[in-house]
Structure formats: C-alpha cells, structure tokens
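Both of the next two complexes hold chain A, though its partner changes from chain B to chain C.
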Partner chain A sequence: MPVRIENLNFEYNPKTPFAKRALFDVTLDINDGDFFGVIGHTGSGKSTLISHLNALTRVQSGTLFVNGMDLSPKKIDFKKLRSTVGMVFQYPEYQLFAETVEEDVAFGPKNIGLSADEISQRVREAITMVGLDYQSIRSRSPFDLSGGQMRRVALAGIIAMRPDILVLDEPTAGLDPRGKQEILTLIKKIKQTCSIVIMISHNMDEVSACCNRIAVFSEGKVHGVYEPRELFAQKELLEKLNIDMPGVTNIASMLADRGFNVDRSIISEDELVDAIVGECQRRGLCAK
Partner chain B sequence: MSIIQLQDVYFTYNRASDSEVRAVNGVTLSINEGEFVAIVGHNGSGKSTLAKLMNGLITPDKGKVTVAGLDTANEKNLFDIRRNVGVVFQNPDNQMVATIIEDDVAFGPENIGMPSDQIRERVYESLKSVGMYDYREGTPHRLSGGQKQRVAIAGVLALRPRVMVLDESTSMLDPRGRADVMKVVNDLNKKEKMAVVMITHFMEEAVTADRIIVMNEGRIYMQGGKEIFKRQAELESIGLTVPLASRVANRLREKGVVIDEDVTTYEELVNKICPLE
Partner chain C sequence: MREITLGQYYPVRSVIHSLDPRAKLVLMIAYIVMIFFVDTFVGYGLVLLFLLLVIFLSKVPLGKVLKSLKMILFLVIFTVVMSVLFYNGNENDLLWGWGIIRIYSQGLINAGKMALRLIFLVLGPTILTFTTTPVQLTDALESLLKPLSYIKVPVHSLAMVMSIALRLIPTLVEETDKIQNAQKARCADFETGNIFKRAKAMLPVLIPLFVSSFRRADELADAMDSRCYRGAKGRTRMKKMHFRLRDAVSLLIFALFFFVILWLRYNFFPAFFDLSLLTWLV
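What follows is the complex of A and B.
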C-alpha cells in the first residue's frame, strides 16, 4: 500500500490572525499501478495535499505513509523520500537554472551522491526518454529551447532520479495542443517505469483519458474517489461541485437529455462517434 | 474602418547572431473598429510577436505597422499608439504594479497625466465592468489568477483604448477563471464595441470571433470565419486542433451521418443530431 493517508489536517499560519485551514480529515489510499487524478477548484487543497507527499509540507496532524515510510516524525530520511517521490510542479521549466541541459538534468542525481558513471548514464537515459536527442541537446542552454522542450528537460531532471512515485501538478498547463499531446504521451510512457503517477489537473478530458481513479476535492475535503465513468456520468453531483464534464461526456449527456439513446458514461471520442452513428442508423438518419 | 494595419511586416529576433529567429515573415493584416479577431497558431508560429508589433513594443525590420494612422516606428507616436492599443499579457503575476488593486488600475491614467477626480471615475468604472469593484481596496496578491487577469484588463480599460490585445491571457487560468475572463472580453466587444485581438491556442475561444487568423511559420496560413474548422486535416498538420464539436461533426459526416452546416459548439452539434421538436 504505497501511499496511505489518514485523517490528515493542515492549517496555514497556525495560531496567527492569518490562520487558514487547508485540509480537513483527508483519508486516501493510493495503490500500486494507480494513475491517480486529483481534481477540484483552485483553493480546494489539492496542492497542499501533494506537497505533503515529499515532505515539503510537514504533517501537522493525522498520518501519512509513503512506501512504508512514516512521514509524521520530525526526523525522516529526506534523501530516500525524495528519490522515491518525484515532484513536478506547475510550469516546471521556471525551475531550470543550469548552463546546459546536461548539467540541469544531472543536478538531482549528483545531489544524492551517485557515481559519475551512474549519473551520466541516467542523464542520457532521461533525456532520451523525454523524446529529445541527447547528443544534439546536451550542451545547449535550456533557456534557448522552446516552451515544450524546456518542460521536457525539466521532466527529465525528475526522471533521472528514477522515482517510484511521480507527482505532477498541471503538467500540460500553458502548452499548445501539440505540446499538450506530447507531454501526455510522455507521461503515459513514464507510467510504465513507476508504481504510481498522481496528477493534478483542471482538464477533465485529460483526467478521464489517463486516470483509473480520481479524487474530488472540495473546500479542503475529499468528496469522494471515483472511477472516471462513474464520476462523469453523475450530472447532478458534478453540477453541485461545479466540475466540468469531459467534452465528449458533455455532448453525450446533452443528447441523452433529449431522449437520444447514448450512454452518459462515455469518456472517449471514439465511443461517442460510434454511439451516435449507431443510434442514427437505428433512426434511419444516415445517408448510407 | 481599420485601426491597426500591418503592411508586409517582417521581424527577426536576435538579428545577425547565432540565435537568430525569424518570427514574422511578410504579414499584411488589418484590424477593424469593433471587430473580434482571434489569432491562433502553435508555439513559435509568430502570433505573440504580432501582439508586440501592434502596440509598438517592437518595430518591424521591414514593412510598416500603423495604429490609427500613426507609424509605430516613429517614437514620438508611441504615447498615442499605446492609448489606442492596450495589451493584456499571459502571466497574471507579472502584470501587477501596485500593492492595492485600485492603485494598480490607476497606474495608466496617472501616467498620462489625467486629473485625479477623472482617474477615480475611470478606475471605478473599469473595475465595475470586469466585476472586481468590490475588491478595489484589497491587495492583488491574494487574488486568483482569473481575478488578477480581470484587474489587468481593468488597467487597460481605464485608458479607454480602441483595441484590446490579449496575448494568451487565459492560458494560465483554471476553467472558471478562463470563463470569467472570456465573458468580460465578449461583453466589452459586444456592448462597448471595443475591438479585440485574442491570441490563443484554445480553439473553443476562437470560435466566438468574427474572424480567425491562423499563423504558421510567421505567415498567415489561413483566415476566415468558423468554416475554417472544416479543414481539420490541414489544421492538424500545423500542430493545431479544431474544436471538439467540429471534430466530432467531421467524423460523423465521414460515417454518413448528415450534418450539413458548420458546427463549432456543443449546442450546434446536439441541435443537428437531435433537433428540438
């Protein structure tokens, strides 16, 4: 049971006039193999939760275990934890700093004291994995690259740590359609090398396409954990929580409201097209 | 009548160095009074460079840009040009200049030497039209991204420009913030007749425009109304998508479902498939 969270509470600026409670009794189990989605509005506690996972935010009350490590005590093995949990923040390209791509990606592995051979092997592997050509890009300045390339270099820096659990906060925000698609494909590829991927996203199309389980946050609490079809077919619940449906689910739901026979739990474009074509044929609305 | 005109404009970053990048490559374009124009294109297609050219932040290497008849290459014109063309940028955090919201909005009017009672009036009016009046005495850094962008828009409005250019101003916002900003922008265009140039890669935002300009490799690749979304394969070949409803409609047509007109929104698609009795 790699990530086990029980009754986690958190308050910013405790015991001051600015005290603000961000998490209320959060209990979650994230299992091996999960591509776990975390959704909810800005300010619902998503980012506060994930910053607990590599102890950037410390446990105030409740318990948190990551791969069996108890993160509640004051003293924990940070080195071990941070090679276990790879954290990719929003706009990770803002964190690039080194003179060359190679140095930037090598920064994490160097910090945990790996041998020079091991470092250079991991760097080469990580850069190749994110779809960049190692030889031609290694000595370039990361700041001369395009936005999408910079984001991939930032991801390579995390992959080079070979994390068992990868945590991503809005990984496709701000990218153009092609860039978004490339990053999602890449994340699915990385998923094969990790036990768990946890992704915060506001894009329901991406969440429904990638995740097998989704935790819905609302005002610092977990409203529930659902499978994508189970969640997005619940029109009233989504409206109450002010969560968008994936576009295809939205179209299916609008059609179903008019008595057109399509399933409300459709979450892919192929399914939607097939369902509409099927019903149109039954109704004799097709040209062929 | 056109307000902004670009005549065969070229622009290259880092000219005559190793990292030379040709961004705009012979663009002729005019933006008319009261028009809503969307400019779309993948990263590096030159669309943001067009925004900078439109208010004289950069000037063309070749060709000419005029705003209300004034040449942006003449520095003496810049003051008037920037009163005519206001720009809202991408990152909400980089655009706040004051610690109090109403001071932030007053920055532009103060700079042009407006009398102070008029400044107050303009600031209040602008904050009301973006729905941020109640926050006027608060501090910008406690706002959400969408609220910050609306304050940035108010700052532009306070100068009453004839054109507002939004350079990917919604790309860092969550869906709610994006919808709020889009509503403000649409209202300004429809009710106040302000011309809007919306640079975006969200195709769903482009469908509401009067005219959509598709940029690729520094050139205008295609332009027109929403009928351009029928050309899905071409758009995809240059790294763009078409709105989901158009894509589904295109696929349904291929499979023999009769959908005759241009479809860009969910409502249009649903109405075509299953008309209300």
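What follows is the complex of A and C.
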C-alpha cells in the first residue's frame, strides 16, 4: 500500500530561539513495489521526513497517508502503524538491550501482542533471514557479537514484526566494504517480502544498484524524483547539487568525454563491460 | 529535545551576556545575600525595579523569565498558606476567624513578604543561567576557587569533571531520544501502565544508554590521553575570561544598590534623610 505525502512542513522547536525549519512543502508519492531511494546532504531533512512515516515525528502541517491511514490526527493506532512501517535507524545496533539475541529480536513481536508460538516462529525466521545461524546465536549476548552481526540482529528485530513498508536510514554506514555488500544483498532479499522499501543513503553505488526511484533532497525541499538512469546521466544537475556519480557511471562518463561511444546513463558494471567490449569490437580491437 | 541543555541559556547578545562570568557569579551570590536584608515592601519594590532593568538589558523576554517561576509556584503557594494559617498574632489584629483557623493581618503581610523573598531568590540564579552558559559558569567557578588549590583541593579536576558532565548532558539527552525512538519503532510503549510498568518499560532505553556511555567515556579518555592531557599543570585556556571596565562598573552599581538596601534596613545617617518614613507609608 502506498505512501502519500503532500505539502509536508516541519519545524523543530517552533516558537523558540532554537526554531529550525527542516521540511518545506514536501510532496512525494511512493507506490507499491518501489525501492525508493532518498539522497541529499547531511541536514537536508531526510531523517526528519522518514521519522514522520511511523509517527515518531508528528505532522505539523500538510497531509500524510501511509497505507490509507491518515497520520495527521493526534490519536492514531500507533501499534498498527508501527508494525506496518518497520524503521531501521542509523546504527541500529545501538538499540540492542536484551540478554540474548533471541529476546532482543522478540521485543517487537512481543510488543505487538502476538502469541508465544507466533513470536518464536517469527524470531527464528527473522534471524535465519538475516543470514545468522539461529541455533548457535539465539542464546548469545548481543553485546558479544561483531559490529556487522549486531547490525543484522537489529535488522532481524524489525523484520520479525513483518512490516509491509521497510524504512532504512543509512543502513550501511560505518561498515567495511564487505559488510556493506552483505547488508545490501540482505535488503534486496527482504524487499521480496515487503511492498515498499525506502532507503536513505549517501552511497550512490548502492542507490543506483537498488532503487527504482530516487528523491533528491536539498535544504529541506524535494529537488526532484528521478529514475536512477535519468538522474545519474545529468552531469550538470549532479554537479550543481554536489552529488557524486556511481563509480561505473563516472567511468562511462569519462570514456564518453574521451570520444568513446558509451552511454552516459550506465549504472551497472555489466552494462559498462558490455558497452566497452561492444565498442572495441566495432573498432576492430578485439574479436567478435 | 536537542535544545534542553542543563539550564536554559538564551542565546542573544547583550551587555549582561557579555559580562565576565566570574563577575556575574559573584554578583549573583551577593544578590542572594542582599535579598535577606530586604524586609519592607519598598525594599522589594526597589529590587523589582533593579531586576526589571537587568532583564531589560539582558534582552531575555520577560515572559521567559516569568515562566521559569512556574516551577516554584507550588512552593510559594504552600509557604503562603502555611504561614498565614500558623501565624500567631494578637487578637486585635484578627481579620477573620473560624474555628481554629485565625487569620491576622500581620500574618498576611508576613506571608506576602516571604513569597516575595522566595520569588526574588529564584530570579537571581534564573537570570544568571539565562545569560551564562554552563561551561562559562564552571570556568568561573574554577577561577574563583583557585585559591583552594593551594591547600591541595583538586579544583581543576573537579571543574573538568563538571564541564565534561555538562558537555555530555545534551549528548545524553539526544542519545536517549534516539534510542527511545528506536524502541518506539518496535512498538515499545512508554506512556501507559502504572509507575512500575513504566519504569520497567524504560529498561530497553537505559541499558543501551549505559552501554554507549561507557563506550563514550572510554573513547574520551583515550582522546584526552592522546592529546597529552595531564591535568591542571601548565594548561592554558582557549577562552580567557577578561575582567573589563563594564564588569567593574556593574560591581560598583550593585554595591551602591546594596548600600541603599542596607540603608533602608538600618537607617544609618538618620539625620540625612529618614528613609524609614517611606516604609510607614506602606
């Protein structure tokens, strides 16, 4: 079910000297099936926007519908909303608290009020889904795990609630390249069980590889919503917004600048290799 | 929640903000002492004028200052009611009596003075914290207590502990906020249930908070070590406090004011001008 955001405005600490406007007339439609990317500089309001989606931040002005649920009224069904919208914050491993991994993952399902059987089944499923071995890890302390494992456990804690919409705030921040890749693969796998995934990221390789639509934020406003190819082919726009290109797009663009006949909107390694090989063959530099 | 640091610093530029924090601290202490010498409504009137002038100069909105009195409202009301009820005056002073409840006019006057004293006592530190950051205050305290270090009181270490604690309070608040949000996103409920249930509901917030506090303390210690922190010895300041003309002038003005208050109370030089006459009018 979709997310509809219309003219959303938000100000922190209104009517004080610390007042800080964080969102200006944000209008966005996120549809079923979307893997929606949100990019923009630090402080551009990305986190503020997504914390509206499960009513951790309340609507000040504008309208916001999630799965047909109006989030403007003061009283809403928080439990229902928060089990529908799973929110993985930045550095989610800092939210771990329980004595064992199993208990920690069970925290969300327990709060929803599921039966014990249902809970233990979901916990097992979630832990397995994030690529950990249920039997060997279930009774370990989450504080003894490695950073990457802790993050997986935290993710499992959200997945165990079986959210329909999964929101991730910089899910790969602070991980090593391998850990990044693993989490990303995991998220793509989870995508098959949810109808919408929304991901904030600063890494354009990730965004271009995962997302089908990308919202570009700048100083609290939505600069535009693009498809990855459409966005990353616009060199001037990216320069103006000070956004990096994905690595492969950058190479494609440099090759094109030097007179090589490759498309500037290439966003995957395969495409780039194909384009280079194709061009070499055209020039007779290698066999067909 | 990010703005809730300890105290209530109101960030504007004003004469009062720019005074030497040491001068302000001394003035605040002297002010509190002075309040105990005021015992007439005329005196309180003068103090009120003085405070209004200071608040005006500080550019802090009057409403903000008054709002901070809300906290002691209950205390003031309680004090007034108690002192009116338990005042034992003589019978021809009786205003109203019913059973054992007897209200005397002198009792009312006393209670009024007591309420004013409480309010004025609180306003001093309030204005100080509105115009001085906690870090400035610790620095001022360290500087003023320096003589104690000659008798081996670890003034610098204490001040350092205090300023680190103060520095970390906003961080801690922010962190609490974040963790609380993360648990709320997992449908944690902090708002309903009786007090025990709510205290228990805070565990998933407190445990991660402790864990990260210890981690942060470790990191901070390492960072200080690696920048050769060795305590007070040979340490200079980045922001030196300067005692300037304006500080001297404020101290002088306050001394004069204190003198007037003492004059009101003890009426020395009666031949000169009998100020106590004024107090009869009230």
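Going forward, the second predicted complex is superposed on the first by the 282 of 288 C-alpha atoms of A that agree within 3 Å, B and C clash if a C-alpha of one lies under 4 Å from a C-alpha of the other, contacts with A are read in each partner's own complex, and residues count from 1 in each chain.
The rule is simple: contacts are C-beta pairs under 8 Å (C-beta built on N, C-alpha and C of every residue); 3 or more make two chains touch, one makes a residue touch a chain.
Small disclaimer: the values here were computed from a predicted structure and weren't measured.
In the superposition on chain A, A:P92 makes contact with chain C only, while chain B stays out of contact range. By the touch criterion defined above, A:G174 lies against chain B but remains apart from chain C after alignment on the C-alpha atoms of chain A.
In the superposition on chain A, A:F143 makes contact with chain C only, while chain B stays out of contact range. Touch criterion met: A:C286 reaches chain B, while chain C stays clear of it. After overlaying the two complexes on the shared chain, residue contacts for A:C211 are found with neither chain B nor chain C.
When both complexes are overlaid on chain A, the residue A:D244 reaches chain B alone and has no touch with chain C. In the superposition on chain A, contact is made by A:G43 with chain B only, not with chain C. Of the two partner chains, chain B is the only one touched by A:F260; chain C is not. Chain contact summary for the complex, chain A toward chain C: residues 12-13, 16-18, 51, 54, 56, 78-79, 82-83, 86-87, 89, 92, 94-98, 107-108, 111-112, 143, 157-158, 161.
By the touch rule above, chain A contacts chain B in their complex via residues 41-43, 144, 146-148, 173-179, 202, 242, 244, 247-248, 250-251, 254-255, 258-260, 269, 272-273, 276-277, 280, 285-288.
Against chain A, the residues of chain B that register as touching in their complex are 19, 42-44, 90, 144-145, 168, 171-172, 174-177, 201, 203, 239-241, 244-245, 247-248, 251-252, 255-258, 266-267, 269-270, 273-274, 276. Chain C meets chain A in the complex at residues 2-3, 10-12, 178-179, 181-189, 203-205, 207-208, 211-212.
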